[in-house]
Structures are given as C-alpha cells and as structure tokens.
Amino acid sequence: MIDVFFYIFAATVIAGALGTVLVRSVVYAALFFIASLVGVAGVYILLSVEFLALVQVLLYAGAVTVLILFALTLTRVEELRQRVDGGQRAMAAVGALGLFGVLVAVMSQTEWPRDVNQLTTVPFASIGDAIFNRWAVPFEIASGVLLVALVGAIILAMQEEGEV
Amino acid sequence: MDSGYWLLATIGIPLVAAAVLLFVPDERRDIVRWTSAGVGAALFAISAFIFFAYQVDDGDQYQFFIRYNWLENVAFLGDNGISLAFGIDGIAAPMVLLTGVVAFGGALISWKIEHHNKDFFILFWVLVSGVYGTFEALDMFFFFFWYEVAVLPMYLLIAVWGSSSVFETFARSKEYSAMKLTIMLVAASILIWIGIFAVFNEAGLGTFDLQTLHAHEFDRDFQLWVFPLFVIGCGVLAGLWPFHTWSPDGHVSAPTAVSMLHAGVLMKLGAFGIIRLGIQLLPEGATFWMPGLMVLATGNVVYGAFAATAQRDFKYMIGYSSVSHMGLVLMGLATMNVIGVNGAVLQMFSHGVMTAMFFAMVGAVYDQAHTRDMRLFSGLVGRMPLFVFFFGVAGLASLGLPGLSGFVAEFHVFVGTFRTYPWAAALGIFAAAMTAVYILRMMSMSFFGPPDEQFGALREMTYLERGTAVLLLAFILFMGLWPAPFIDRIQESVRNLPGVS
Amino acid sequence: MEVIEQSVPLEHFLVLSAILFSIGVFGVLSRRNAVLILMSVELMLNAVSINLAAFAVYTAPQLFIGIIFALFVIAIAAAEVGLALAIVLRLFRNRGTANVDEVATLKW
Amino acid sequence: MDDAWVLPALPVASFVILLLVSQYLPRKGDYIAIAFMLASFLLTLLIAVDVADAIGDEGVGSFEGVARSWQWLEIPGYIEIRMGTFVDQVTLVMLFCVTFVALLVMIYSTGYMHGDRRYGWFYSIISLFVASMLTLVLADNLLLLYFAWELVGLCSMLLIGYYNDRQSAAEAAKKAFITTRVGDVGLLIGIIILFTQTGTFNISEILHAAEEGEIQREWLTAAAVLLFAGAVGKSAQFPLHVWLPDAMEGPTPVSALIHAATMVVAGVYLVARMLPLLEAVRGVPELIMTVGMVTVFLSALIGLAQRDIKRVVAYSTLNSLGLMFVALGAGAVGAAMLYLFVHAFFKAMLFLASGSVIHATEEQEVDKLGGLFGKMPITATAFVLGAAAMAGVVPLSGFWAKDEILVGVDHAHYDYVFWLLVISLPITALYMTRVVLLTFFGEPRDERVHEHAHESPIEMTGPLILLGVLTLVSGFVIFEGVGEALGFHSGWLGFVYNPEEGPEEFGFIAWISVLSIVLVLAGIAAGVWIWGGAAQVARRFGAFSPFTYRLLLNRFYIDEAYQLVIDYVVLGSGKVVAWFDRAVVNDSGVNGTGEATDFAAFAGKHLQTGKIPQYALAIIIGVVVIAAVAFGYRT
Amino acid sequence: MNELNLDYTLFIPEFLLVGLVVLVVGLDLFAPQVRKSLLSYATAAGLAATAGISLAWIDVESDFAGVVAVDNYTTFFRVFFMLGAAVIALASGRLVEERLRHPGEYYGLLTLATIGAIGMAASRELMTAYLSLELLSFSSYVLVSYQKYEGRSNEAGLKYMLLGAFSSALLLYGLSLIYGIAGSTYYSDVSAALGAGTSEYEWAMLMGIVLVITGLGFKVAAVPFHMWTPDAYEGAPVAITMFLSTISKAAGFALLLRLFSGAFEVVHDDWSWMIAGISAATMILGNLVALQQHNIKRLMAYSSIGQVGYMLMGIAGLSHETASALVLHMTGYMISNMVVFVVIIAWYVQTGKEEIDEFRGMRERAPLLAGALAGALFSLAGLPLFAGFVTKFILFQAAVDEGYLWLAGIGVTTSVVSLYYYLQVMRRAFVDAPAEGETERLRIPYVMQGLAVILMLGVFYVGLYPQGLFDIVDNATAFLFV
C-alpha cells in the first residue's frame, strides 16, 4: 500500500524534474518544478517527517516558486530553443549520466550500516528542543546566512536614485 | 671561534648597506656613491684579512666557524635543524678574497651610473651578500638560500641598467637576456632543490647542517641518482655545456659591474656548489659520474673557444671565453684527483679576476664609444694606451701566459687531467691555444693598426677605472708569480675531500 | 519515537534522490537561462534533503541530525534563490539578458 | 755561479723601472737599461771564469754543471715545483751570446731608435726580453723554461708589433705569436707527459730517468716528438718557419737581437739540452735532421728571390738554424753550439748593417738600392763580412763552424745528409752574394735614395765594428791554443760536447774543408756572374723560367696555404660553432622550451570560455573521473 | 543523552564582531554625513581589537556541544582572519569611498564573512562547517557583485553564485552520504565509523570524500573546480579580490585541515592520491595559464590557483608536520599576497588602471609601491630574503618526507614558471618608462603606504626569522592530531 504511494510520488518527482530541465518554455518549466517539489514533500510524508513536508510546501512550493515566477517574468525574452538550452546538451547528458552511473554504482555496492529497514518517526518538539540546545550554533549561523542573503538581495536589487 | 664575526660582517655589511640605501633620497647620488665605495673598500679589506688570517696549519677543519640556531625542534626539524652556520675551508678562502676584490672593483666601476644608482647599488649589494653567503654557508638550507639571493637581483640589474644590442643576424634585447639568465639559473636550481629535499629525507637526521650530513654515509644507489641533480643544477650556473647560453647573452646585456661580478664570481658559485654539495655529500656518486662531466667539460672548453673566435662583439667574445674557461674548472673537478681539483679552484680565482678585468675594460670603452663591435675600432692603442695595456694583460692571462694567474691554474688542471684523461688534457691545451687565436685576432683588429678618426673623441680611462684595473692586475700577477699562498690553503682542504685521490 | 515497519526499503529513496540529483545536474549543464539553472540547482538540493531525511529516519534517528540538516538545507536553498535572483535581476538591468552564454565577457 | 739568478734579475729591474717611470726620465732612461745590461754582461764573464775554474778543478768531462733552486709551490705528496738555475758550458755559451749581443743592440738602438715616440717602452721590453731569455737559458727545470719560453715569445710579439700603427706589423706580431704557440702546445704537452711519467720537472732528473729507461717507451717517444715540436716552432723550422720573415716588421735592432742572435736559437738550445732524451728514442734524431735539412734548402732557395734586404737575411737565419738542427740531429752538439755562437755575431752584424742601410736610405727594397759601398763604407764592409761568414768563407768564423758540422755529420755516418749539406753550401753563397751585390755594388738604381744615403752615427757603427772583429776571430776558439789562451782548459769541442760522447779534440779533415771552400767560392763566383754589373744574367734567368721565379718569390706559397687553413678551417669552424650555438642550442633549445611552454599556456587559457555551464561541466567531469578512478582502483 | 557543554562565552569575539557589524551599518545609516573612510577605520579598529581580545582564549581547550571547538587552532585562525580582514578593511577605504555605494553594508558583510571563516576553522561537525562555509560564500557573492552598475561585477557575481550553489549542492550530497555511513556528522563519529573499516560502505565513503573534495576544492579554487576563480577575481572590486584570494582561501584550508585530520585521517590512503593528483594539476595549470594573462587581477587569480596547488601538497601528505608547514606557508602567502593587492588597489584608486601594461613607470611615479610590489612578487615566486622561500621550502620538504618527492618536484618547477610572469610584472613596474604625460609622482595615501610597509615587514619577518611564528603554528596544528 505504502509503496504504491511511494512510486506515485517518485514518478511525480522525476517527471516534474525532467519537465523542469527539458521543456522549452520557462514558465512551464517553473510549473513542472513546483510539481516536483510537491512530490518531494510527499516523499517526506512517506518518511513520516511531516514537519519537513510542511516546510517544503510552504517555503518552496510557496515562496520560492513565486519568487522564481516573478524573476522569470521580469527577465522574459523570446524563447528560442537554443537560447534556453546550451549547445552542450549532449555533453550535459553524458556528464549527468556519468554521475548517475557513479551514484548508482555506489548505491548498489553499499551495505548501509544500522539499516534494519524500519523507520523511526521523530517528534517535532524534540527537534525544536535540539535546535536550541545542541544545534544552537549552526542555527545562529544559518540565521546569519539568511540575514546576509536578505541584505544582499536588497542592496543589489533595489532601484536607486539616478537609475533608469 | 669568535673570528666567525668576520664572516658575518662580509654578509651583513652589504645587506645593511642595501637597507640603509633604501632611505637615501633618489637624487642624492653622491651619498650613494660614497657609501658604496666605502662598503666596497671595507669588504675588500675584510676579505683580504680573512684570506690571510686563514690558518694553513689546521686546514683540515672549517675556520672562522660560527653558528646561530635559526629554526629547530619544530615540525620535522630536530636539533639545530636549520642553523645560520658559517665557516670557510681552504677552498672557500680564495673565493672570499675573490669576491672582495671583484665587489670592490665593481663598486668603483659603477661610480658613473646616473640612472637610479640608488636602486642599482641596493640590488648590487644584495647580490654581493648572496655570493659571500654561498661561499661561507655550512648549512644546506642556507647554502641554497644565499645561492638564490645571488640570483634574485639579476633580472632587474640587467633589465634596467643593461644595454640592448642589435647585430647583423640577430638582436638581443636586455629584457630578453635578463629573463633568460634568471629563468635558466632558477630553473637549474630546481634540480638542487630536489636534490636537497632528497638528501634531507634520505639522511633522516632532521638537520640541514652540512658538517653533520657530510659525516653521514648515503647508500650508493641514492648517491648515483642524486649526484647528477647537483652537478647539472650547479653546473648551469658554472656555464656547463649545453646549458651555457644564458651566459654570453647575459654578460653582453649586463651593465659593467654586473658582468664583472657575474662572470667573475657568480659562475664560481656553480663550481663551488659542485664541490660542497656534490663531491662532499655524495663522493661515490661523484666518482661514478665524473667521467661524464669530463666529457661535457671538454665540450665546454673546445666549444667555447671556437665560438669565441667567430664573435664580433667584445663582450660576446669574453662571454664565450668564459664558457671555455669555466670548462677548465669543471675539467679540473672532474679529474677527482688532488692536482686537478686544486687547479680547478685556482682557475676559479684566476678566471674571476681576469674576466672581471676584461669586463671592466670593455665597460671603459663602451661608455665612451657606445659600441662594442671590434671591427669598428682600430688603433685604440694610440688613443688609450693604458686601456690596451690592461686589456692585453687580461688577454694574456686568459691565454695562459706564464707569470700571470691563468697559467698556474690551467697548468694544474692539465696536469691533473692528464693523469686520467690524456685526450681531454690534449684537447684542453689545444683550446688554450685557440684562446691565443681569438684574443690576438681581436687585439690586432681593434687595438693596433692605423688609429681611425671615427672615435677621435675617445679618452683614456678614468682614474677609478685605472684603480680598478690596477687592483685586479695586482691579483693576476700575485697568483701568477707566487701561487704558494693560494695553493697552501687550497690543497689541504682538497686533500680532505672525500673521493679525491 | 515509535518504530514503523517499512515496506519501501531505504535504497529506493536513495536511488530516487540519485535520479533527482542527476537530473538537476543535467539541468545545470544544459540550461542557458540563469533562472532555469537556479531551478536545477534547487532540484539537486531537494535530492540531498531526501537523502538526509531518509538516512535519518532509517539509520540514525538519534540527535535528529538528518532532519535538522535537511531543514537547514531547505532554508539555505531558499535564501540562495533569493540572492541569486537579485543578482540575475541586477544583471538583466545592466545587460538586458539573463542568458548565461551572453554574460561571458570575462574569459581567457 | 750559485747566484746566477742575479743575471735575469738585473734586466727585470730595469724593465720595471722603465715601465713605470721612463717617461719622466731624460732620454727615456735608456742609459738605465744599458747600465743594467752591461752589469749582467760582466757578471756573465765572471761566471765564465767560474766555469773555467770548475772544469779545471774537476777535470774535463766530469763537470756536470752547477744547480741551485728554491721551492715555488708544493702539494705535499703530489707535486713540488722548484724554480732554480743551472749553469754548465752550454748555458754559458748562451749567456754570453745573449748578454753581449743585447748590450750591443741596446747601444746601437740609441742611434737607430732615436727620438721614437715609444722609446722608453722599447727599452723596457728589450730588458724584459733579455731577462726572460736569460731565465730560459738558466732554467734548471722545464716549467721555468716554459715560463721564459712563453715570455720571450710575448716580447718578440710586442716588438714585432712595435710600430703598432701599421696593420702589417700587428698582423706579423699575431702571426709570430700564434705560429710559435702551435709549437708551444706540443712543448707543454711534452712537459706534462714527462712530469706525469717522472714526477719532476727538473731537467737533469728527467734526462737521468730517460737514460735509465724509467719512462714508458711510447710516452717517451711522444714527449720527445712534442718537445721537438716546441723547438721547431720557436726556431722557425719547416713547417712553422712562416713567421720569421714577417717578423722583420719589427725594428731592425730587434730583428738582430731576437730573430737572429738569441730567441730563435732557443729551440736549438732546448734540443741541445734535451738531446740525451731525444736520442734515447729511435727515429727522432733522423726527424730532427730531416726537418733541419728541409729548412735549409727551402730557405736557401727562397732567399734567392727575395727583394727585401731584411727578408733575405731572415731566410739566411732560417738556413743557419736548419744547419744547427742538422748538427744536433747528428749528435754534434759542439759543432751546433759553435755555429750558434758565431752565428750570433755575424747574423747580428748582418741585421745591424742592413738596419744601418735602412736607417740611411729609408729603403729596404734591394731593387732600389745599389752602389752604396762608397757612401757608407763601414756598414758595407760589415755587411760583406757578415755575408761572407754566412756563406762560409775561410777563415771567417762561419767557415769553421760549418766545417765542424760537416765533420760531425760525416762522423755520424749520415751520408745522404752529408751530401745534401754539401749541395746546400753553394746556394747559400749564391744568395748572400746576390744581396751584397745588389745592395752595395753596381750602379745605384734609384738616384733619390742614393743621394739621400749617408754613413750612420758612431753609436751604430761602433757595434758593427766590434761584431766585425768578432766575426773574424770568434771562429778560432775551436783551436785548443785559443781556448787555453782564453783561460779554458781546452778548445771549443773539449768545452762544449755531447755528454754521450764526451769531450773531443779538434780534428781537421782536409778533404771536407777543401770541398766546402771550393763550393763556396764557386757559389760566389756564380753570384758575381749572375748579378754582377747590371745583373743581365739574372733577368735572363727570370725570363727563362718565370714560374720558378714566382714560386721562389712567393716562398712556395706556404703562407698562402696556411692562410687558407686559418680562414677556412679554424675561423670557419668557429663560425659554424657560433651559428650552432645561436640557432640550435639557444634559439631552438632554450627559446624553444620557452615557446612550447607559452603555447601550452595559450592552449590552457582557452579552456576558460567564460560560460557557466561549461565550468559546471568541468566540475562534473572532475567528479566523475576521480570517482571512476577511485572505484576502478577498488575493483 | 549526556550533559552538553553549552558555554556561550566561547563566542564572545564573534558576538563582538556582530556588534561591530551593527555599529558600522548603523553609523552609515544614521550618520551619513561622517566621512566614509571613517567606517573603514572603525571596522579595522574593531576587528583588530577583537583579535586582541580573542587572544584571551590562548590555551583554552573547550568546545560548544562538541559542535564547535575553541582551541589554539581556532584562536590562531580567529586572530589570523580578523587581522587579515582588518587589513582588507583599511585597504578598501578609498576604493569604497570613490567607487562603491552602501559602505556600511560593505564593511558589515566583510565582517560577517570573517565570522563565517572563523566558523569554518572552528567547527568540528559537518553541518556547522557547511553553514559557516555558506555564510562566508553568501557574503562573498554579494561583495563580488557589489559594483552593481558594473556589468563585469554582476557577471562575476552571477558566475560565482550559480557555480557556488552548484558545488555546494555536490558537497551536500557528499555530506549526506557520509552522514548515511556514520549516522552522525561529528568528525569524531565519522572518523570512528570509517575507522571500523568494513568494506560494505567503502564506495559510499569514497564517493562522499570525492564530493567533499569537490565542494571544498571549489572553495579554494583547485583544478578542475577553479574555473570561476579568474572571472570572479577579475570582475569583483579589487579589495574583494584581495579577500577572496586570502581569507576565503585560507578559511577553505582551515576547514580542509580540520575535517581531513579529524574525520578522514583514518582512511588517509584512500584519498591522499586524489588530493595529490588535484594538487599537481592545480600547480601546473594555474602557473601555466598565468603566463598568458594581461589583467593583473586575473594574473593574481591564476597565481593564487598555483599557490593552492602547493598548499594541497600539505593536505595530500597530511600529518602534523605537513599541517604546520602548510599553515606556515599559508601565512606567508597571505601576507605577501596582501602586499601585492595593497599595491594594486592603491594604483587602481589613483590611476584607474588594472592592466599589467599600465603598470609602466611605477618606479618613477610611486617608488614605494614599486618596491613593495617587487618584494612581494619575489616572495610569491619563492625567492629568499622574503617569506615565500622559507615557507615553500619547508612545505615542500614536509611533503617530501611524506613520500611526495614527485609532487615537490612539480611544485619547484612550476614556481620557476611563476617567476617568469612575476618578473614580467616587475619589468613593467621598473624597466618601462612611464607613458607620455603621466610622469608626475602619485600621492599615495599614508594608510596605503603604511600598510605596504608594515606588511613588507611581515614578509621579511617570515622570510628571515620564522622560528616564533613556526612554533605558534606548530602548537596550533598540534590540536588537530590529538
């Protein structure tokens, strides 16, 4: 039963991803992207980390994609295939497949330790607790990163006086 | 032995001088000149003192020894891992003297430099201290350190104060020559680096101290593969064929004083390195490879002589003759017998003063005529008899005229070589005769014959140039007529060289 | 923390993420539009978070490292998008294009 | 005798003094040089007395000579070089010739060189020359000998090139130095061979070793030949004779001193010294004789056709030197040294006389001279006397010496050589007669020159007279009586002899003497017939075989041949090497490396396309490759 | 779960830095009338002061929840980075004033980036390390594109940003694999897990390490992950190029050292050859391509790539000796490089020129700069009297002692190549006469002159008597190998 869902989500994810990297129209690409993200959220649920799924949907499928769509419309130019895709698709395919091959090889060769094929659900509360004790430092650094991104984005993007 | 401070002085004074000159304003050329002349004189005095104060009796150990710990007991370095250790043996002693003489002469000759003479002298003194350091260092790291210090200023010295020249078939810009010289020398030192790394690693004593390493027995195979690194690495600086091409071009483009110092002293560093690092560290490797070096050296001697006969430019001729004469040095080393190595060291000194004299003289005429093409000159003797006299003496010394330094040295080299490689000795003597051909050809071409009006303005050398010439002449004669003081110092140390029979 | 028997083995998730990751890489290599490249990168990051989450729940639930890591990854990724898009906009204003092949004046 | 080192020391002193201060002295300080020279001449006489006494004490044949030496340098156990003096009869002869002729030449030069721009320089170099020549003679070891050997060469070069504003002079000087140096290379190698074999440079020790056969045969042979090569170079024997005639570019007194009396006989001296060693090798004496013989004929024939008076005399010098070598080859040391002795006087006189002619007429082409006898009687007499001695007219010194040589050769049973020598006699007479006739007799060919001519001042004629006297009498020292009268225990042959054979009595072989006298007179007669009067016959000869004439006039084109060799072989290969160095070693080897590197850099820089996807691709490729390698490594 | 040590006092210096950020930004915001150069002085002063304060943690050996360690290694890099940042802040003064907007944020970001760098050196846990790295990177992204009206700057920023994101994705994937193996992100746990040495997950481990090397290799610009470097360096404002080539690189190595010694040391043989190969490629390509450059920033980019190659030697043969040799060399390199950039900045601010050919006549127009430039370039080329020789010598010797003679050989050879292009720069500065009408002396601000002199003194100190520094470094790196 569960695994049916898994395959559905997996299919969504992969289809969405492929769509994102293949289709010609950037807007469609963005839509496929959303689909794939949602699929990932589904996968999280299967992994019974609903919290992540939540964040995924809100942050990604929500904010990020909106942002991206804005950007796309702002930077929109007529979309000919060779403008959207570089001349090195073939090479890209080779590279990606090569990587994929390597990764698959890894997966096939590897016997993951402590893998007893049963998953443990993790309660929200303890996560939050951990974040503010043990992982306080990374958390603060992450906030720093976000701050930087914020400030940077503002400085770079803002229209200033004397600018056309 | 506290007298080690004298060695420190030889290295420190030039460095300090360079540092001080940094603060002299550009336009105060006079201060720069007087300071440098003073420093030169001081160095000369100290070097002479060191040479004569060297105790012949206990020549079996390094004298004027002094050591400061520099880096130790950190990372892979053990006790006195890298130490500022100085000391000289009978081989280094004449070299120190030589450096003093040539440096002093160079400082005087450079008196007339106008363009940024401050910068010039800063670099010049750095160069000098590097040379002293190499001759005196008893630590493998610092040997190389000073060796590189001596190479470091060359580029700017040549490229800024040198001279480009155009010949019928080709042109040599000073930048080109400077770059070639620097890169070739540094490229050669690659091999020395690798050799040093290997030696340190192989010995595993955690120290670069040469005396300790000299005492250490390296196994044969190791010696066999490392020795060539040292010989070729140092050999390039000694003008080893076929890696010599930096030398003629470099000397042609360099300003007078730099040519003097470079041909006179720097090229000796190479030969010296072969002794210090090559023979003393890896005697078995030396005995194994020396025949090969002998072949190359003979190549040097003959090749250089022939190439010199075809030259039209004073400096090129001298440059190639240097290649030929340094070949004699290498020949002497390659014999690995006492007389030969002795001769090599003697030849190092002799060639030093003689070639310095050459370049000083060429500078004297070039500064006035702004050309060095010997075909343009004629009957110079009418205009500048003293110049011709000194140049002539240098020339005769270089063609091995008895009574001048050249003969004593070459004679030892030949005698030494003859024992093991008669053919090489014969070729060498033949090449020495070739020297007569090109020297006399040049003299009769441009010194004698009817004086031409083209250079009617040529005046006799300045008093500074005369002074320099006399200084050098004194040593040419000293060694030519009474070589005993040199040989007494050299032979003791040479006989203590491992593998030298 | 209760334990659930799972019918889908860990490897499936890993392979899924591997596929996703490779697709993302392909996107980065083949796309020309800066924004699309950015999206492809996001795909790769998602693959990573899948990995992390999967490992966390399957093999190392204690300390929740995997989950938290995934959380951070998502956060960073979002920030990344924001910043990158700002730069893209800036560039578009100055150059009138978001095509990475045309913003190649710096080379050689 | 122990203090013989003073002899060279004196001229060295005058050399230094003159070199430094001559221009501040009145008369450029020539008197200093002369004074010092005189001093050393007197010292020579003292030494002569000592030697005579020594021989008197030790008895004939047992006197080995007196040596004294000081250590010069030493590498204990490997090499010790002692510098020292060695005096024996041969030395003494040389000493006498050198100091005496030098003295006269210096006096003569005060007139000849008067008012010359570089007068002081001239005297200082002459002094240096004398010093080194004396050193050469006194040297007790080969190294010191080589020392001096090279120094005299240097002085000769400097003096040949004395008129340094003449290109020809410069060329001649260069030629002289380089040609002799070819020989010197041999000499040096020879010396080194001997050292490596015997471990010493001391001549007597080396000779001893050679006689004991302590030297390997092949090395000994090599050494002998090489030493002889040195002698050949210095003494201008065929094939290295070409420099001597050109050396006449120098001032005439120099030619007299260096290129007649002293330096050129250094070769002879060397061979005489090393004779025991040379004779120890089979074939070498024959070699020596052959070379000498060839030289004799070559020079005699060439002498027939030369126009320049000094050149003729120069060729006559070659001729004489050839004779001496022949004598040495035959082992007749006494004869050779005797000839050397007398030759010093008459040849110096010939030069000085011709110098006086040149000085008077400022002309040295015999074709332009003539009929000068009346104008300058002393000079003419001297010249004629010298020529006669050269030709070997009885009872002049030349005759006795030449006679002894013939005897010696005959004595050594070299019949071919003997008869060849005999044939050479008339030719010598012939060309000496020619030059005499053309210069001093017949009617003047060039009025202006003839008008201009005058007898030279006393400081020039004085030495001529002195030498003339010696030319007349010096030959008689061969007689026991004369020898004893001079305070020696015997005649010349008992005084100077080949240590192998020991002292000899003077044996007079009538038929040889008669033969030589007749032939010489015949030669002279022929000369008179040919060049007498208006020299009609000579012209006819010239017309009869122009080829021979040109051949002789151009000295068998030997110089030209050498010139070709120098230009095309030596300098040519020099050019080749220089080209190789520039084009191959430098431009291809060194620059090539540089350019290759630079090209690699050029290629490498174009990886940087500036396009993000390609950069990313590079990264991915990197990852995949490394991973692949890693895994391949595992399996 | 055992009791955690949550000692926030350990981060006082970082907190102070944050305070500094607020101060500077606020100053810029609320007191716009103050001279902008004041900001640079303030930042520099603050950084220097903090550096001084953080000396108080010498020989403290403590950690925060095992996530971040404060030991001499951290302290060393704290001081190192803060002082470096101070120098950069000072050097940026005129540049920012004349060519950039938003100076407050500029210095703020600079400081934040420094915090990120410190975090990289200090963290003993993958997540923290990654986040610190991102903090540093994000600040750099912004700073690189800070000349917002300059097309080149934006382009550089975009390239750096996209590729940075890409490579950090790769890095993360690698980290996830390692996490999967170790079940934890603590270096110690990772090391333990790898130490168990079961071959079941060898491949995953290898893949993980490869990807980590990729990510960090990108950060420190190692071939073939270096492609962004020249472009970013050329496009960025000069001061930021300086930052990238010094602090950001050093931080990368600090992280590499901590990570590889702490986590991967146990499987040294499995990865050392990768690093060795990369190191070789980096040395060769960097120094080779530099020959062809005409823009000084680009040249310095390639030269720094070459330098990375040398430093990777130290990682390849990782041991206490090599580590300290590496840090020593890094210090010397950083000081020399800063001199070069100070000169470049000063020259650029005065003349607006950054082409090598346009350095002509520097000897005439700004002798002090020319002198400093020569010295620093010699030092980078590894010639004696200057820092480069000693540090390089020791680094290479260390590598040789770990059996990497061939690497050392390549290193020496390529440093000769590097000498060639450094000399080309010197030739412009010293040999060529100034262009027409540009002969008057330049008036270089005293700050720049002072910086040049002080840094040169540093260069000489390291070059002539490094014992003290070497001892410190040795002591610091000792904490990596407990």
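Labels for the chains are A, B, C, D and E, by order of writing; each one numbers its residues from 1.
The definition used in the following text is that a contact is a pair of C-beta atoms (placed from the backbone, for glycine too) under 8 Å apart; a residue touches a chain by one contact, two chains touch by 3 or more.
As the structure is a prediction and not an experimental result, all values here were calculated from the model.
Quickly list, by label, the chains bordering both subunit B and subunit D.
Of all the chains present, those in contact with both subunit B and subunit D are E.
Quick check on the contact network: minimum steps from subunit B to subunit E?
The least step count works out to 1.
By that same contact rule, can you tell me which chains touch subunit A and subunit C alike?
D, E
Of all the chains, which has the CA centre nearest the overall CA centre?
Measuring from the global C-alpha mean, the nearest chain centre belongs to B.
Most remote chain relative to subunit D, going by C-alpha centroids?
Centre of mass proxy via C-alpha means gives A as farthest from subunit D.
So what's the Cα centroid distance for subunit A and subunit E, whole Å?
Using C-alpha averages as centres, the distance is 31 Å.
Would you kindly tell me how far, in whole Å, the mean C-alpha position of subunit B lies from that of subunit A?
Result: the chain centres lie 69 Å from each other.
Using CA atom averages as chain centres, what separation in Å is found between subunit D and subunit E?
The separation of the two C-alpha centroids amounts to 78 Å.
Counting only Cα atoms for the centres, state how far subunit B is from subunit C in Å.
65
Could you tell me which residues belong to subunit B and also touch two or more other chains?
Residues 183 of subunit B each touch two or more of the other chains.
Going by the touch rule set out above, which residues of subunit E reach two or more other chains?
Where subunit E meets two or more other chains at a single residue, that happens at 127, 131, 134, 138, 141-142, 145, 148-149, 157-159, 162, 166, 170, 177, 180, 183, 202-203, 207, 230-231, 292.
When you check subunit A against every other chain, which residues touch at least two of them?
86, 88, 91-92, 95-96, 99, 102-103, 105, 112-114, 134-135, 138, 142, 145, 149, 152, 156, 163
Which of the chains touch, listed as pairs?
Going through each pair of chains, those in contact are A-C, A-D, A-E, B-D, B-E, C-D, C-E, D-E.
Using the touch definition from the top, list the residues of subunit D that touch subunit E in their complex.
Against subunit E, subunit D makes touches at 597-598, 600-602, 604-605, 607-608, 610, 612, 614-616, 618-619, 621-623, 626-627, 630-631, 634.
Which residues of subunit A touch subunit C once you look at their complex with the stated criterion?
1-3, 6, 10, 13-14, 17-18, 20-21, 26, 29-30, 33, 36-37, 40, 43-44, 46-49, 51-52, 55-56, 59-60, 63-64, 67-68, 70-72, 74-75, 77, 83-86, 88-89, 91-93, 95-97, 99-100, 103-104, 107, 112-115, 117-123, 126-127, 130-131, 134-135, 138, 142, 145-146, 149-150, 152-154, 156-157, 163
Can you tell me which positions in subunit A touch subunit D when the two form their complex?
Result: residues 86, 88, 91-92, 95-96, 98-99, 102, 105 of subunit A touch subunit D.
In their shared complex, at which residues does subunit E touch subunit D?
Going by the criterion above, the answer is residues 158-159, 162-163, 166-167, 170, 202-203, 206-207, 210-211, 213-214, 217-218, 224-225, 227-228, 230-231, 270, 274, 277-278, 285, 288-293, 417.
How about subunit D: which of its residues touch subunit B in the complex?
72-76, 78-79, 143, 146-148, 150-151, 154, 161, 164-167, 169-171, 173-174, 177-178, 181-182, 184-185, 188-189, 192-193, 195-196, 570-571, 573-579, 581-582, 585-586, 589-590, 594
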